[in-house]
Each structure stands twice: as structure tokens, then as C-alpha cells.
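The following pair of complexes shares a single chain, subunit A, combined with subunit B in the former and subunit C in the latter.
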Partner chain A sequence: MSAVILTDEQREALQEITNVGMGQAGASIATILNEFVHLSVPKIFILRADEISPSIVSLVGDAEVSAVRQAFHGAFRGEAIVIYRNQSHTDIADLMGYDPDVDTVEEYELILDVTNILVGACLGGVAEQIRADIGFSAPSIMAEHIPAGRLISPDEVGSAWALFVEVNFALEGRSFACHLIALMPEEEILAVGKALDWFMETL
Partner chain B sequence: MSVSVLVVDDSPMARKMLIKALPPSWDVTITQASNGIEALAAYRTGTVDVMFLDLTMPEMDGYQVLETLRKEDLNCLVIVVSADIQPGAQQRVRQLGAIAFVKKPVKPADVQSVLKEYGILV
Partner chain C sequence: MIHPDNFPLLKFVVDRVEVGIFAVDQAMRVTLWNRFMAVHSGRAADEVLGQNLFDCFPELPRKWLEKKIQSVFVLKNYSFTSWEHRPYLFRFHHNRPITGGIDTMQQNCTFLPVRGDGENVNHVCVTIFDYTDTALYQGRLKSAIADLEAERSEQRILIKKLEEAHNQLLQSEKLASIGQLAAGVAHEINNPVGFVNSNLGSLEKYVRDWARLLDLYEQAEECLAPHPEVLAGIRDTKREIDIDFVKDDIRQLIRESKDGLDRVKNIVQDLKDFSRVGETDWQWADVHKCLDGTLNVVWNEIKYKADVVKEYGKIPEIECIPSQLNQVFMNLLVNAAHAIAERGQIVLRTGHERDWVSVSVSDTGVGIAPENINRIYDPFFTTKPVGTGTGLGLSISHSIISKHGGRIDMESVVGSGTTFRVWLPVCQAVQAQGSPG
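Now for the complex of A and B:
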């Protein structure tokens, strides 16, 4: 079914382009946190609205998470969501030299900053490769300490199908792990497909 | 004599981009592999002179390939080609025996300068 919206070739190209964006984002946080970031192969899915929440659960597990959302617009419109496992806040604060009993407000400022860097580098890197201009809204806290399965409900997705791009970052020897997903509605997927075709033609 | 080049990447598009970035004047025979296991199988035929190796791959990643090659008495020149551009990744692959690191997206000029630096291309 999903092949109707994005061909195998387009999906494969998007995966490799995302891989390069992920590498740029990984290098940014590796520098900021002064740690080695473990990267894995990004995954591309086209999902029905009601499949998104289960996919998030299978990605992060059933644990409590916090999440930050950041919209992007321009050549493509969609929303990036960075999901943090709960211990990850404390880990970032610790790595950045904050006091162990740093208050919640500061902790959230930190994950907003980290989100902004990850999304900007990763999606900015994707857009740059396919010569598309995109801009970003300010990131905002989407949820704090809630079960992963309650992060997003199908009616929030706003389209029947969505492009789900999954990128994972983990720090070696730390519990810190976060997942970046980019969600784009149906009508945008076509625009992405066209940009990918153009990109592949230039190779 | 033609140089035997093995291009290892899980992405067909990335392999195509790398092959297009090789100097046109370089006389090469190209073989491709889409993961570490295939790469080692090709390497063990004993004919690979230069290997372009991606790091992030399913099945067996580039780090594991380098570790295995080191145990098996590394007998070809490995150039890592990766999107993982953090300084730590470059250090690790050099420690594991790779001679050079080329950043993705691959630029022909970067490939050429690495090949010249190591005397692979005169």
C-alpha cells in the first residue's frame, strides 16, 4: 500500500539522504556533549494515522518519555518530534556540567536546545542535499513524563497517511537515548518524492 | 594494471555516488557489497586492492569489518566513507587500520586527494 506513495527507489534515496543529515546532527551533539554518539541506520515508513502511536511504542518501548516538537515549513511542511527517555534529561544536564539537582525549568531549556540542534542539523542537512529551503518554528515541550503510547493520537495527525522518518541517537556508556521522528502529511509526501526524483536525476 | 576496488555500502544510491566520484582516469575494476558480510566474502577472494567502506550498515557494520580485517592480517587499503562525521568516529576507524576518512556526501575532489596522498593514484 505504502509503495503507492513513495517508490522503493525514492525511499532508499530518502534513507541515505537522512543518513547524511543524521551524521551532521550526531556530530553536533557529540561536540556539545563531548561524548561519542552511536548512530544506527535511519528508517523510513509510510504509516496510516492509527499506526503512528504503535510505531512510537515499538521504537522507544512502553516507558515514560518526554518529547519536544518542532514544526518545519517551506518546500516541505511537517513536524519533527524528539522523544527523550526520562533519565535522558538528567544525563544531558550532567554532561553539560549542571548541578545534579538542577531545576526542572533549566532541564527543559536544555532539551529544547538539544532538540533545536538535532532537528536543525538533521532536517536542515536533508533539505540542503535536495536543495530545498525549509525553515523551523521554535521548539516546544509536547509532553512530560507520559507513557510513549499516549504521545500522539491518530486525530492529531491530520491526514490519513504520514511519512515517518526515524533517527536514533545514543551515547556510549550513558543511558541517554533520544529518537527523532519527522512526520509529514500525505500531500507533502508527493512533493518529497518529486524532489527525490530530481536529486537522483542529477547523480 | 587495473586496480581492484570494492565499494561497500547498504545504499545503492550511496554506492552509485561514490563510483561516480572516482577519478575518471583511474583504471579500476569495481565490485560492490551491500553489508559487512558481503564485503568480507569479497575480500577473502583475495583480489581487493582498495576498499571504500561505509560505517552504518545492517547485518555487519563498518567497524566490525575493520576489526575482522585486522585479525585476518589486513591486506588491502581501506578508505572509510561515512556520514558519521564526529571526530570520535574518524579516530576510531584510523585506530582500526583505515588509511583515510571521506565524508558523505562524497565529493570527487576529496576522493582524489585521498588517493593521491597515499600514492594510490599517481
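Now for the complex of A and C:
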């Protein structure tokens, strides 16, 4: 079923573009944080609504997490979710210009800031590859301290299918790690497909 | 950059809009400063333009803000702050000098990358929206929600109490119906016991008369000497039935039967006294009578497990609801018997101290584990096997004793036994005057 939504060619192109995009993102983030960032090779799936939550659990584990969501819009539209293991996000406070001993409220602002940078860098990097113009909403806290499997419930998902792209981040020499998941609804997958076709033609 | 100076309408709007707008270049020099910023900061545009932002406003959180602005330059991407996490960027007065309620204007900020030549970002523009009203409204909403939450948790406690009361009511209704049943059965038993008792009285008299007549006949046996074969027949029969034994035993049998009937009558009476569960009248009663009556009712449960030792002191009658106290004593006695694994001892002690009477039930049982001590009065808490205990006995006892203005103390040593001591006020008016023990 998923093969119908994106052709093999489109899928390969998307993988290639996201790979390059993540490389650029890693460089930009390193400039901001002054630390080397490990980014995983993006994993791309087309999933049914009820497969989203199990996929999150298989990638992130079912530990308690906090998550921040940020919408993107423009050439293509969707939502990015950055998932943080609860113990690790204060570890980068100083890199973001915060006092190392952040309080709870500052901690929330910190993960909002980090989310904005990761989402902006990664999706911005991908958009730049295909010369697409995208914008972002302000990030907002989606969930605090809940099992990863309860972040998204299938009946809340408004689309039967979704494009699901996962990248994870780790900082060299620090415990900080998080996962970025970009989700796009069914109708946007077609728009992405068209953008990919255009990109391949212009190569 | 499309500078507003080149577009009079745009310049007017940017300057006069009720939103703070300023911009900085890569060196953090201020390149745009609208009227909102000037009015609220007290620094006119010509004082600020071209100056380093942090030289003009040293109170700004420099390290964080530089990082934030840098990320916008590098990623060519928006960034945001929200009043919920960072109430303000600039410490501006809020717009309610009279109605007040909040000390600083609450701000949502957006940092937007300004691409001068379409590619590179050479300014970062910051917009500052006044969210004070929203913050105040949210604050009120939060406190209203907190109030509601508090009310709800109180309600939850009340509902739990109500549930407990309901369960106790169910249990006591069950006990009341068992009580009625017992009273009915006792009444039914009383009738046959009554006529057996009276028949036995007659029987005793008839047997006495019969024996008197038999004695006369025995004395007349000598007159039968001329008829040796008749006499021999009589003597054979007397030997055969062991007439001397029968004469003794028949009296003893009747006496024992009468004792047995008396015991039946007593037990039926105790059952009737005990089963007045529905009775809620306060009356003066002898605690020892209550204890003995209850002991008779539960004797069957206890006699194979424990020897009961009574160490009754001299105590006055107390004002109480006897049937309810019976229920408490029954629970304590049955629990004591259940706590004893093989065979042990149950000691009942009573005492009198000022205006209080105490009744203690001590057993040589297994004791109560320390982790369970705080839960023994909880409804439905039981350590007995499923189906054996309801977990309501001590809970009901506790509420009965509380209703009497008394209290229950407990001492337990695992492996050597438990003592429950019930303190009861002699009269109900004394309740307010200090505590016992």
C-alpha cells in the first residue's frame, strides 16, 4: 500500500535529500552549540495511523519522555515532534546560554529552544535541498513525563497514512540525546512526491 | 533589507503599531527601534540606533540572547519566546498602572531572520507582543482550576467516606437480619424447650411416685414365699435389668437432662440478647454480662483453639448500646481465636479508671505484622484467607467504639500475641472530659 504513495525512485531521492539535509543541519547545530553533534541516518516510513505509536516505541523505547511539537507549513505541511528522555535535557543548558542549574520553568524553555533549533536545522536543511520555502510555528510542550507509547493515540491522528521521518541526536561527551520525528499527512505526501520529481528533473 | 524609511506607509505602520519591533545586525548593533520600544524602554530611537544592544541594556540576559540571535542568523529560521517560560525580554511597565495585579509586561517574542539579499541573513528582527492580559487571565484560570481541583479531591474523600459508611451499613444490615433470624430461631427453640422442660418436670415426679410404688412392691416380695416360681421370675428380671442401677441412674438422667435444658435456655437467651442488633437505645448495662453472653455465643469457635481466662475487675454499669458492644466483643474474640495457630490462651481483663471502663482481649497468637498495623481498621483489610474474613470486623468495631466516645488501643508482638484494649466512658456525658489511660 505504501509503495503506491511514493515510488521507489521518490523514496530513494527522499532518503538522499534527507541524508544531505542532516549533514547540513549537523554543521549548523555545531556552529551554534560549539559541540560536535551526532545525527543518525534518517529513517523514513509510510505508516498507517495505528502504526505511528508502536513505531515511536520501537525507535525511542517505552521509557518516560517529554515531548515538544512544532508545526511546519509552506511548500509542505506537517508536524515535528522532538522527544526527550527525562534525565538528559539539562545537560546542554550551558551550550544554549542558560545557567547549568536550570529550574523547571527554564528547563521547559530550554527544550523549546532546542526543539526550535533541531527542527529548524533539519527541516530547513531538507527544504533548502529541494528549494522549498517552509516556515515554522512556535514550538509548544506536547507532553511531560509520560510513556513514549502514549504520546500519540491513533484516534487523534487525522490522517489514515503518514510520512514518518525519524532522526536521533547525540552530543559528543554529553548524556543529552533526543529523537526528532517529522510527520506529514497523506495529502502532503503527494506534494512531497511532486517536489521530489521536480528535484530529480533538475539534477 | 527593505528599510521602512524607503516606504513611508510601512515606516508609519512599523513605528506606530502596538507591538514592539526592533532589529540587530550580526554585531548586535540596533538597526531598527520602533515607537513602542522607545515609549516602554524610555530610550528614543536616536539614542539606541547604531549602538550595541547590550551596551544600551546591560540588564538583558546576554549569554542566552546572543545564542538565540546567533541561532537565527545561522539557521535562517525563526525563534520564539513565550511569557509562560520567560515572562519578559525587556522589563517594561505593564499597561495597567491603576488596576495592576502584575509587575511587568508579559511578552511573547518572535525572532525573525531578515534576508537582505535574498540569501544571507543580515538582520534579526524581534517583535514583542504584550501578553499581560492573557497572563492575568491565565493566572485567574489557573487559580480557579486549582480551587476546583481542591474541591474535587475533597469530594473524592467524602465519596470514599460515604462508600465506607455504605459498606458498614450493608454489613450491619446483614448482621441485623442475621440477628432477626437468630431471634426467630431462638423463639422457635424456646417453645419445644418449654414443653420438654415441663414434661421433664412431670416425668421426674411420676418417676419418683413410680419408685415409691416399686419400693412397696419390693417390701411385699416376702409374701410371695409360697410361690417360689413367681419370686424367681421377679428376681431374674431384676438382675437382668440391674434394677438398683436403674433406680439411681434414672434420677441422674433426669437431673442432667434438666441441666442440659437450662443450658439451652441460657444460650437461647444470650442469642436473643446478642441479636438485638437493630436496637439502638442507650441503656445502662453490665459489661461483664455482655462479655459472658457473647462468649457463650462464640464458644464453639473458641473452645478448640484456646482456654479462656477471665480476670474481671470491679466495674460499674456503663451507658451503652449493649448489642453493639456485643458485636465488638465478638469481633475481638473471634479474631483472637483466629490468631492462634494451634492452641493458646485468651485472657479477658476488665478494669475501671476514673470515668472510664476498660475491656481487654489478649491472645497468644501470631501477632500483627508491623506493616499491617496502620491498616487494621481499614474497611476490607484482612489477612485471613479469601472467604474467611470480610475485613470489616475491626472497621465496624472501631466505628462503634468511636460512637460510644471511646477508643481502641492495640499492642502486638509478632510471634507472641496481641492485646486489644477497649476504653469506654461510664456515662456518655463524660466524653468531653479528657481521655482515658
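Rule of thumb we're sticking to: the second predicted complex is superposed on the first by the 194 of 203 C-alpha atoms of A that agree within 3 Å, B and C clash if a C-alpha of one lies under 4 Å from a C-alpha of the other, contacts with A are read in each partner's own complex, and residues count from 1 in each chain.
What we mean here is this: a residue touches a chain if its C-beta (ideal position, glycine included) is under 8 Å from a C-beta of that chain, and two chains touch if they have at least 3 such contacts.
No experiment lies behind these values; they were computed from the predicted model shown.
**Student:** Please tell me, clash or fit, for subunit B and subunit C sharing subunit A in the overlay.
**Tutor:** fit
**Student:** With both complexes overlaid on chain A, does A:T31 touch subunit B (first), subunit C (second), both or neither?
**Tutor:** A:T31 sits against subunit B and subunit C alike.
**Student:** Go through the superposed model and pick first if A:M200 touches only subunit B, second if only subunit C, both, or neither.
**Tutor:** In the superposed model, A:M200 contacts subunit B only, not subunit C.
**Student:** Check whether A:P100 is in contact with subunit B, with subunit C, with both or with neither, and answer first, second, both or neither.
**Tutor:** After superposing on A, A:P100 lies clear of both subunit B and subunit C.
**Student:** Is A:G120 touching the first partner subunit B, the second partner subunit C, both, or neither of them?
**Tutor:** The second partner, subunit C, only.
**Student:** Angle at subunit A between subunit B and subunit C: what is it in degrees to the nearest 10, using CA centres?
**Tutor:** Roughly 140 degrees separate the directions to subunit B and subunit C.
**Student:** Would you give the minimum C-alpha distance from subunit B to subunit C, in Å, for the three-chain superposition?
**Tutor:** 13
**Student:** Residue overlap on subunit A between the subunit B contact set and the subunit C contact set?
**Tutor:** In subunit A, positions 31 sit in both the subunit B and subunit C interfaces.
**Student:** Could you pull out which subunit B residues touch subunit A in their complex?
**Tutor:** The touching residues are 10-14, 16-17, 20, 56-58, 82-89, 104-105.
**Student:** Please name which positions on subunit A make contact with subunit B in the complex.
**Tutor:** 12-13, 15-16, 19-24, 26-27, 30-31, 36-37, 39-41, 129, 200, 203
**Student:** If you look only at subunit C, which of its residues touch subunit A in the complex?
**Tutor:** Residue positions touching the partner: 61, 63-68, 70-71, 74-82, 84-86, 108, 110.
**Student:** Please name which positions on subunit A make contact with subunit C in the complex.
**Tutor:** Residue list for subunit A touching subunit C: 28, 31-32, 96-98, 105-106, 108-109, 112-113, 116-117, 120-121, 124, 135-136, 138-139.
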